[in-house]
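Several structures are given next for inspection.
Same chain, two partners: subunit A is paired with subunit B first, then with subunit C.
Then we have the complex of A and B:
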């Protein structure tokens, strides 16, 4: 017990004595551990946020295509639909007894590069994300007039729009479209709260409004004199011929595969029904390769820092011959002298880990509002999980291992060394 | 999710967009030896398991059984499906409550419409469907499947599940037989 106490007090004194050199080593190690821990933390958070992009929806139905394609254009607003599905199919889905709710989605137009989604109130009431959270309005209301539009949080922020602003949608995708629906401007009726999902990047209008703005359009061009004015448009009723896709919620999720099989074999038209949770996990398996590569790079940075640590310890060893000789002369055993190196190395690694956790937590706390605002990434502080503890625990262990090199060599030297003698 | 992340995600997966969906009315279903699909619907302690696999993976041939050996192989499969759950808890608590095996043997010339087991024919290929209703007391997050060990020809088993912990999927193969439902 006394030997341990002696070793610890000697270690502390030695670390303090060499604080200037070791502070730099400690800084390098802290930064590399912060990087590794940060990557691991972000990996878990991004995966969580990715998997929770859409929840509560049992099936997504669209025209026949691959499941990733369907997922990308309906949920992530990336890429385009291969085909549409008929209105009659949508009506049939609504009357199916096993299906609790149907959210229609109609895509095709854009607002300054943001996807315009034609839908109905079901979207606002039923769409779920995160941990079964529903959409909420930060200000205003969901549509009440035909030409009302609800903006995702990022769209409103980027374009500095508020409730009551008038906006003009563009025909087709792309931020510089020349075909604009400028004869029928929309009024911003509401702005959604930030969700950290692609909903933040979208612009929502009613299905009937989507129809109304395309009356009198042929081959992607408005025919003069045939388009409607705002009041004319409000007097008419609209029934779309088709929608792009539909999100379904079932009364009993256990029937998901059964309904999926039936929809995939639907005789009315070729359909694809996909399970969003399954498609998301497929997509993540593709993405997963990148995150593993990132983690490996983080690991290499830590290894480099540890090599730096050992090189500093070995350099110091050369300077500490006299000190070790004095310790030997005062009765210190070779084991005690060897343990000094290991304890110093372990102490430095533990300190670095502690600083890395503090630095990481401060970094996340400081950056999370900015990340949510600019990248739509919701990142919160939470307790470390087992994987992160394992990453953190491996650093002192690795430091202890690399310290064995100077420790063993000093142990051998001390045994050879006579009391007070110099080689 | 950031635009950059979404774009890189898009590039990353655009090569994989051809991943097909399940059987369709107007397109013949995919059929690839070595691959199989297992769907699990989980409600409380009940699991409905549905396996769709090329017959070659399960019995080694893709036509109506002709020799005694082939008939025996099919009978063995039937017995196996009635007694052994296709997924089980790590403690092995699942029991098969009911099981059905359907084979879709290709039709021979002049033999149309007589085989009531004939679900869908694939011109020289055949699929076998196994559906099981399982009761699994003490069902947790972890499940195991004996399929890839029992049928070594099944090199890729694509498992999908719904219920209890939401939806998810995992690719299993030889030596990889575990599922974690909330992963």
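Then we have the complex of A and C:
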């Protein structure tokens, strides 16, 4: 007990004495641990954020296709639908008594590279993300007029649009579409709060508006004289032929598999119904490989700096022979001498871990507004989880392990040592 | 090898001896023949001057006496215990409990203060801690004060001290907790004549006060007059 206390106080004094040399080693180790911890933290957050892209929706229904494709174009607004589903099918879904709510999605147009989603108020009321959160408006209202549009947070920020601005949608995808619906401009009626999901990148209009701007576009381009003016459009009523996909919420989630099976075997037209959670985790399996590679790289960086630490300790060992001879002659055992090296290494690693946590917390606090703005990634400070503690704990353990090199060598040297040091 | 003075009358009881060696021989790795050493018998509280030019194995002998080295032949008896037969750990503990050590130079742990260095043996050995009394740092400071180092110096890092001051810190470290034996290896060789004599007198006086035996090794015959007992080492045989 006494020996341990002595070893600890000698270690502290020795580290402080050599602080100039060791500060650099400590800095290297701190940065590498920050990197490793940061990767692990981000990994958890990104996965969490990814898995929470859509919540509360029990089934996604679209034309027959693979589940990843359906997920990508309905939730992530990537890629295109293989086909549409009939309006009659949509009506059938709405009247099915097992189904609580249906959000229709009609895709195809864009606004300067952002997906335009034709939907109805159900989307605003029922769509869930994150921890069962629902959408909220940062300003304005959900649509009231036919030609009202609601913008996702990022769209509004990037285009610096505010409620009341007039915008023109483009036909088809892409930011440089040549055919534009410029005779029927929309008014921005509301802007959504940032969600950290693809919703932030989307533009929402009503299903009937989607229909209205395509009157006279049946051949794929606008035929002059057949399109509508704004006032003509408002007087008509619309019945779309089809929608692209629908999000379903069931009254009793236990029926999910039953409804899914029925929809997949629907005889009216070929449909696919998928479970968003299952599809999301399948997608993550595909994308998740790179994060493992990143973590491995972070691990290697830490190992590299630990090797640096040992090489510095070994260099210092030559300078410290005199000091060790004094301690030996005063009655210190070879084990005590060896423990000094291990404790120094351990002390440096613990200090680096502490600094890395502080540095990481400061970094996240400083970067999170920027990350949300540019990458739509909502990154908050939270307590470390077990995985992160494991990563953090492995650093001092590894430091202790690598310190065995100088520790064993000094143990052997001090066993052979004669009076006054080294003969 | 010549024995100028018998350290104690032959046949005295073992426990009255601080040091008693018999037919010591040691061989460093790579040596053809072993170094042999004269027998030493030193009563408790007595001071011994061990004279020998360099290369006569002074440090080797001190290594054997301190238990850092194990003799190839012969025995080392300290305070009546045949320490040379003991295992490594026990010899280390014995050294911590009963021996004070002073080297030629670079005696101190560079990152501790003067009083931190002086207190070191009490932190390695509970029996020396006990003998020093409850206020170890007070004891260390008063030892340093007796050796002419004021409180301010006691709290300074030892790297800022002169060689003379450093040697006095080493003396305080050897004396603290009243060990039975002090082994000093040319502690005055880096000091000028004035400092040397003052240092030696202080060391011997303070050691005598607490009944500590001193084995003082030097090539400097001029110091022999401070000692009653002498042994000369005369090279290898």
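Just so it is clear, the second predicted complex is superposed on the first by the 421 of 423 C-alpha atoms of A that agree within 3 Å, B and C clash if a C-alpha of one lies under 4 Å from a C-alpha of the other, contacts with A are read in each partner's own complex, and residues count from 1 in each chain.
In this section, a contact is a pair of C-beta atoms (placed from the backbone, for glycine too) under 8 Å apart; a residue touches a chain by one contact, two chains touch by 3 or more.
It should be emphasised that the depicted structure is a prediction, and the values quoted were computed from it without experimental measurement.
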Record, for the superposition on subunit A, whether partners subunit B and subunit C clash or fit.
fit
Could you tell me if A:171 is touching subunit B, subunit C, both of them or neither one (first, second, both, neither)?
neither
Just to be sure I read the superposition right, which of the two partners does A:181 touch: subunit B = first, subunit C = second, or both, or neither?
neither
Give the angle at the C-alpha centre of subunit A formed by the C-alpha centres of subunit B and subunit C in the superposed arrangement, rounded to the nearest 10 degrees.
110
Decide which partner touches more residues of subunit A, taking subunit B and subunit C as the two options.
B
Output check: A:253 vs subunit B and subunit C. Expected answer is one of first, second, both, neither. What do you get?
first
Quick check on the superposed pair: does A:161 touch subunit B, subunit C, both, or neither? Answer first, second, both or neither.
neither
Determine, under the contact definition given at the top, whether A:114 touches first (subunit B), second (subunit C), both, or neither.
neither
Which of subunit B and subunit C A:331 touches, first, second, both or neither:
second
I want to verify one number: the closest Cα approach of subunit B to subunit C after the superposition, in Å.
51
Quick check: in the complex, which residue numbers of subunit C touch subunit A?
28, 59-60, 62-63, 66, 68-69, 88-89, 92-93, 95-97, 99, 101, 103-104, 106-112, 116, 120-121, 123-126, 173, 183, 185
Interface residues, subunit A side, partner subunit C - complex:
2-3, 5-6, 9-10, 13-14, 16-18, 322-323, 325-334, 415, 417-420, 423
Subunit A-touching residues of subunit B, taken from the complex the two chains share
1-10, 12-14, 16-27, 39, 41-43, 48, 50, 160, 162-163, 166-171, 183
Listed in rising order, subunit A residues that touch subunit B in their complex are 46, 49-50, 53, 55, 58, 64-69, 72, 76, 78-79, 196-198, 201, 252-257, 260-261, 264-267, 270, 272-278, 281-283, 285-287, 290, 374-377
